[in-house]
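Handing you a structure now.
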Amino acid sequence: MSGQVIALTARDFETDQEVRWCPGCGDYAILKSVRRVLAQLGRRREDTVFVSGIGCAARFPYYVDTYGFHSIHGRAPSLATGIKLANPALDVWVVGGDADFLAIGGNHLLHVLRRNVDLNLVLVNNAIYGLTKGQASPTSSVGTRSPSSPAGTFDAPMNPAALALGAGGSFVARSADMLQDHLPETLLRASAYRGAAFVEVLQNCIVYNDNAFGDLTRKAARAEKTVQVRHGEPMLFGANGERGLVYEPWQGTFRITENVAEATLHDETNPALAMALARLVDDALPMPLGVFYAVPRPHYVAALEANAPQQPLTRGEFKDILRTGSWRA
Amino acid sequence: MSGQVIALTARDFETDQEVRWCPGCGDYAILKSVRRVLAQLGRRREDTVFVSGIGCAARFPYYVDTYGFHSIHGRAPSLATGIKLANPALDVWVVGGDADFLAIGGNHLLHVLRRNVDLNLVLVNNAIYGLTKGQASPTSSVGTRSPSSPAGTFDAPMNPAALALGAGGSFVARSADMLQDHLPETLLRASAYRGAAFVEVLQNCIVYNDNAFGDLTRKAARAEKTVQVRHGEPMLFGANGERGLVYEPWQGTFRITENVAEATLHDETNPALAMALARLVDDALPMPLGVFYAVPRPHYVAALEANAPQQPLTRGEFKDILRTGSWRA
Amino acid sequence: MTAAAPANHAHAPTTRTVVRFAGDSGDGIQVLGAEFAKAVALDRHDLMTLPDFPAEIRAPAGSTFGVSAFQIQFGDDGVLTPGDQADALFAFNPAALKTNVGALKPGGLIVADPGAFSARNLKRAGYAANPLDGDALSRYRLVTVDIARLTAEAVAATGVGKKQAGRAKNFWSLGLCFWLFGGERGATIEWIEGKFAKAPEVAASNVAALNAGHAYGETLELDAGSTAQDTRTAPRHGLFRTVTGTDAMGLGLAAVAALSGLKLTYCSYPITPASALLHFLAGLNGRGVSTFQAEDEIASATAAIGASYAGGLGVTASSGPGLVLKGEALGLAVAVELPLVAIDVQRAGPSTGMPTKPEQADLNLALYGRHGEAPLPVLAPATPAECFHVVIEAARLAMQYMTPVLVLSDAYIANAAQAWQLPDVDALPAITPAFRTEPRGFQPFARNPDTLARPWATPGTTGLAHRIGGLERGAGAGDISYDPDNHEAMSRLRAAKVAGIESTLPCEIDGGAEAGDLLVIGWGSTYGAIVEAVQGLTSQGHAVGHLHLRQLWPLPPNLADILQRFRAVAVPELNHGQLARLIRSEFLVDAQPIGQMRGQPFKVAHLEAELTALLPGAPR
Amino acid sequence: MTAAAPANHAHAPTTRTVVRFAGDSGDGIQVLGAEFAKAVALDRHDLMTLPDFPAEIRAPAGSTFGVSAFQIQFGDDGVLTPGDQADALFAFNPAALKTNVGALKPGGLIVADPGAFSARNLKRAGYAANPLDGDALSRYRLVTVDIARLTAEAVAATGVGKKQAGRAKNFWSLGLCFWLFGGERGATIEWIEGKFAKAPEVAASNVAALNAGHAYGETLELDAGSTAQDTRTAPRHGLFRTVTGTDAMGLGLAAVAALSGLKLTYCSYPITPASALLHFLAGLNGRGVSTFQAEDEIASATAAIGASYAGGLGVTASSGPGLVLKGEALGLAVAVELPLVAIDVQRAGPSTGMPTKPEQADLNLALYGRHGEAPLPVLAPATPAECFHVVIEAARLAMQYMTPVLVLSDAYIANAAQAWQLPDVDALPAITPAFRTEPRGFQPFARNPDTLARPWATPGTTGLAHRIGGLERGAGAGDISYDPDNHEAMSRLRAAKVAGIESTLPCEIDGGAEAGDLLVIGWGSTYGAIVEAVQGLTSQGHAVGHLHLRQLWPLPPNLADILQRFRAVAVPELNHGQLARLIRSEFLVDAQPIGQMRGQPFKVAHLEAELTALLPGAPR
């Protein structure tokens, strides 16, 4: 099953199902990236499984020609855990929206991160409930007006990357739908990681929360409003990388520098820096994208397998189990 | 209801129910602290509610002579939210174990922290399932042997304080059952905080996980093995406070110093420092206790109330609502 | 539509007219339908509407799965369903025609815009040839009208751009409808002007389109069909509005707040089709209502319980998948005996199923979806308007008996609209929750001898501090008890309390014979279809009676008597026989299920045929 | 206990002997009981045991709520219950006496240690005066033995400390038991030596205590009572072990792994009394079994579904509160048609209820606890040992029919032990899951014409990549479908598949008459009590038959025939009539519920009385 490299193209991962997202939805771009990444991975389509809960983003499995399971709202991470338990050789992707992963499914997300189950977790964050027609979500910014919050929301949004780090996640990254270089690059890194690889993808819901991350997706502003961090490289941004971020570790904050030599080198093994990047939400500063944190850590199923190598149970062995404590009369 | 100060003693908060924890259980000490704190608060017993899920710790409400609701496993935070929605004047405490708050109830905890619902959340962490007879819990250290993990656990434990910070908690503290000065002090701070005040209390389950935090609870070792941090004060420990911790912000780590003047001053408004304290789990260093983080932040019910002041709906007003869009035939 | 103004429309309506609109989600079909319904209602007709949304948020233009439809039946003799088949179909594009022509009766009118039947759209809809050409539609009366072009011409003068010109098509069509079926434009014009107050040119263009559509019909003397005839009898008086089941349910809950003086704490998690109720109530925040969008259904149910505990009235609502998740919390509410209203807007299952489609298959779940013996009352409104009174009754029972009460609605009731005469608010009886305040003799699990309810003692009340919980409680003091006799007694008490509830919901023959051959027992949204089917059978001389249950648990005490008066019993429901099974087990009568699982309401004709087959003596 | 060695014990057992041990949680009562049971079983007696744990983990010594008890009935004529009333009670302290003396039959033997009847302990138990003094216990035969002191003396030579001396009391008592009721010490000594291999002085002290207790009985010529008589008939041959329901269920699941070659993926969240199964299987990790302790029940159920999807066999287990939470996941498994075994070890509800006590009130939940029409097979073992075969059958059906299967056990079955002759493993039929591998003609929702099952095509299989999900699927290809006809067809197909399952579980008269006056239908753990009650009635000449259902849904096809052979039907169950209701609705027979909600098994005498009252002609 593994090892063997196959030549496939992104088109090979298209299914016969008509893609049914709204015209202009950011999910199309994510789908495109994912298909490209799958082609690059060179695995057999049959060894890959897409699992999802419910939501617009959760329609994903129908559109990727691998095995796919569109399950129930919020439970994709635990269903995916079961898949890995039964067949650790499979490459399992979990795709879902911000409500799916962070509202109803928040707990399962925490626990796959903590356990470090070997999954690729793609959180499609549009800061809104798409499929149920536009209610505010756990990532909606304060004051979001929606059918369920006509006067605006009062609750502070959750920061997915910070949450993932707090839960003990050891691979935490962020990208955005429209970044067709950065997103595949990030997903490839996630796929290569052995353990729970968490990628928050900022996505534009054109119908219910248009431009929630507009600054990032709009090509013009992108260079000014985001900073792509890469391990060992300085944190530069601007059209020509002419400015940089300097990490001020005391409070875990950043400042802008025009002196690029002064820009901090990203270190994806530094948990404090990762948390600071994740938490950096400030209109005056660019939004960090990239792999914030990636450190190797034993992953759950491997540990399980190593501890108790799995062979089918023979009848003979079963007899031994059965006879424990027995006597002959 | 509020304002009015009443003279009560800890004994006034005892109920007629026989306390049914195992002899030697750390919960007795926590109960004692809580009753003392309640007496100090000087509120009417009737304005206080204890809410819990299921577990040994969750028996708490039966033992505190206030209003009490022993609900279902994991759901105490959301039940408590409902109480505050209907009657914001009540002082609501939520007490539960590590499984209650972090296994089945993890998601509700995240969301009360994010929303900053005005609750006092007391997580009694014994790193084990007590009531169900000793299974490993989400906070059990790797390798914990238990009836459900006879070969030891493989999954990394969750760090409750780090999780709470990652989820956006704005009051995060840690104490331990046996610290009969520190624990009441910490609980008093939590009680004074307007919003979701999260206190992790290290507790000893003498039956199923004895001495999990033995170094901390044992009086002899306490001074060497823990460091109590207080806002604006240097981080000192040792029998006579003769050593200190120095914060090394780059990686969010600490080192020990013999030069107390060099010890870092705790700043409970510094999120990076708070996270570093929460994450500090290192046999070579003392375990931080105290209020790691406390910053004011709008709390959910207050925001709700401010936005839509609650008055009973009159029939007249209802008629207006009813008649919207009506016509006379 | 008024008999006095014959020149205003081609024909007065027939006794019943069914019109269906279908087009792309972006065509404004639902607005068109709603405005037409309002005009019909204003003209004192009875009506029932049924929107038919696509499952996708915004499907690609021209796709079959992106078609949005709206059906309305109106008339003057107690219209109760949106109609089995349409007399007229407005098809805004090929996909709309393709997916909706089956709903049209033979000989029915099709209005189609040939401009929308482009090669691309035809292909998207899967048509090999243009159905407007040739005789593919020869069974129908086809009228082609260049709606897009005519609308563009009509709005040109208002100076709006091309996009808005395209958007005004629905108002042009509404104008044509008014000509064809009657209806005054005034109310619509008022609505347009209010809605687009901030964009007067948009308002003007929509009004221009409306008027142009009407004028077009008048000029060409188009007519809707042959059987038109105005049969209106006694004009009705009073205040009216159209309400969907969602509206009526939301208004009912607001009424509960007004009648009780309590803070209605509505805790919910979005799910189709229940979310609409959250949206409705969110607009009333601070006016006796507090809404809370929880992180999931379990949190919403437990928060509602917390609210009731603290002296608000907790209400929680969801659809099937959410109701399942609330089962444990509902069991807690049963155990601790706190008031709670839980609403399930049923949709087609199992699992995610067909989320936008109606079904009645959650009855078993409502009755039995908790572990242990955990009985609670289950109510079900029969019509959209009835949601108002039923949910008030649910709240009253919840507080009077200290119990969670489940209300079963469905996707059809929630979305269908009808004209509703507003109740006299001053005549609605107050709800006076009996909060306990007296400390002397207080026991949290003492019982009111009449109702068997325990006292409602809320935190904050002096001298009543006490503890409750899900572990079995001793009768009276409520301390944890493992005593076998106590558990037996408490189990029986909880059951007896629920069995003994006395609701104000009627249980009497809704129509047809009071005794005789066949009793048809229905519940929930099948009401209209059953009424009409029974009318059909009665008019053929069969002694068929219709009983519609609003209270499914406990079954009304007089049901046994009614059952005895009929020779056979049929139970039509949108499931595999769940109420039938209940009636069979409770009364040992051979109640015959008539099940349907199509994600659609019953068709009257289908139901009539099924019932005919069950008439005693019918060949089986 | 062997007839050959009369000198070894005071009296051979009567036909049936019931012994009850009660003491503090710390007194080692359960070990004492288990070792005694083993000895009894080794001596080829039938037996049934019932532990009675306190709810608290470790309640204060001497408290009534901290009393741990263990009851065993043994004999030689098919013992099936732990006995209504005890012949002998070992009461280790006042609280144990207080809470257990009610379980002793008049004239029964009480063995009590006066040393434990201290003022403090008496007070804790709520005794005003020492019941060992005076004639409070005059209805019983009281024997006081200074167990603590005698044990201390016996172990003194082994050099253990005071604490261990105190702990050895249970072995001293066991020795006395062996004297009183028979039983060889050999196996216990072996067990002690294995268990305390690392602490030889502890082992030695326990053995010394055991021997001393036996010697004490012998020396004082104590006897257990008057009716002792050995009635053993044909000695049995073969391999035996004692199993609780938990053991048998766990062994059954291990057998499934061996018979199918699949990885049995057991996903669970701790809950009393289901956790014991997790503990049992955790010990088999890597031997065909993989256990996963999930973060909650929803995760455990969905992980099990994921495992089945990936080609393992997913199994999930819980008790009532957890089963409710799994409802949505079970509905998903019904919808996507994947194999799954879900086990519910029922306990007394509603809500948290009485977690350590048995009840059968989750049947409705098992049948109906999902939204929409989501039928699945429901099985129930009747005895601890039967768990083995029933859970194997559940797994076989799940895979053969591609469906989740629910198994209902309860706290009694899980904890009660009986002697069990090991099955011939080689004779157990293999389970051969029909994994689909052929790509040609593959359709994920095509059907096997015999079973109506869809194919099981697991990820990794070449050429079969496909998508499944909870939205309604088109027959065959399985693409999302909102087509009304398809939904109707798929709903009926899912129901027909489950209705048509053919299990190997028998449905035939278990005992008593094959036809006649009264058919007693039971299910689950009430088996033993019903057998004995029916034996009682039969011996009085009544034509009463006992049918014990192992398959609760679909009801076995021949049930209708059996029902017809009796004039009346009674359904005893530990709930308010849930199976009775099902039988009433399915067959329109007047099945009379005999409900009990005491958190306890039926007493045979009580049941016999209830059944007598239902005999045709009995005064009502």
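Per-chain residue numbering starts at 1, and chain names A, B, C and D are given in the order in which the chains are listed.
By our rule, a contact is a pair of C-beta atoms (placed from the backbone, for glycine too) under 8 Å apart; a residue touches a chain by one contact, two chains touch by 3 or more.
None of these values were measured; they are calculated from a predicted model.
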Task: Comparison of B-D and A-D (more C-beta pairs in contact) - done: A-D
TODO: Specify the chain most distant from chain A by Cα centroid.
DONE: D
TODO: Please work out the Cα centroid separation of chain B and chain C, and write it as a whole number of Å.
DONE: 45
Task: Distance from the mean Cα position of chain B to that of chain A, given in whole angstrom - done: 30
Open item on the list: Using mean CA coordinates as chain centres, what's the gap between chain B and chain D in Å?
Closed with: 39
Open item on the list: Where in chain D do residues touch two or more of the other chains?
Closed with: 65, 285, 295-296, 321, 328, 332, 336, 351-352, 469-471
Task: chain B, residues touching no fewer than two other chains - done: 54, 70, 72, 103-104, 106-107, 110-111, 138, 151, 304, 307-308
Task: Residue ranges of chain A in contact with chain D within the complex - done: 1, 15, 17, 44-49, 51, 54, 61-62, 65-72, 75, 78-87, 89-90, 107-108, 110-111, 304, 307-315, 317-319, 321-329
TODO: Report the residues of chain D in contact with chain B in the complex, numbered from low to high.
DONE: 56-61, 63, 65, 269-272, 275, 278-279, 282-283, 285, 291, 293, 295-297, 321, 351-352
- [ ] Under the touch definition given earlier, write down the residues of chain D that touch chain C in their complex.
- [x] 55, 65, 319-321, 323-325, 327-328, 331-332, 334-336, 346, 348-355, 357, 359, 361-362, 364-365, 367-374, 469-472, 482, 484-485, 487-488, 491-492, 494-495, 575-576, 581-582, 584-586, 588-590, 596-600
Open item on the list: Taking the touch rule as given, give the residues of chain B at its contact with chain A in the complex, in rising order.
Closed with: 103-107, 110-111, 114-116, 138, 151-152, 154-159, 162-168, 249-252, 270-273, 275-276, 279, 297-298, 300, 303-304, 307-308
Task: Residue ranges of chain C touching chain B (in the complex, touch as defined) - done: 41-42, 44, 187, 235-242, 251, 254-255, 257-259, 261-263, 265, 267, 284-290, 292, 294-296, 298-300, 302-312, 314, 328-329, 332, 336, 422, 425-426, 458-471, 479-480
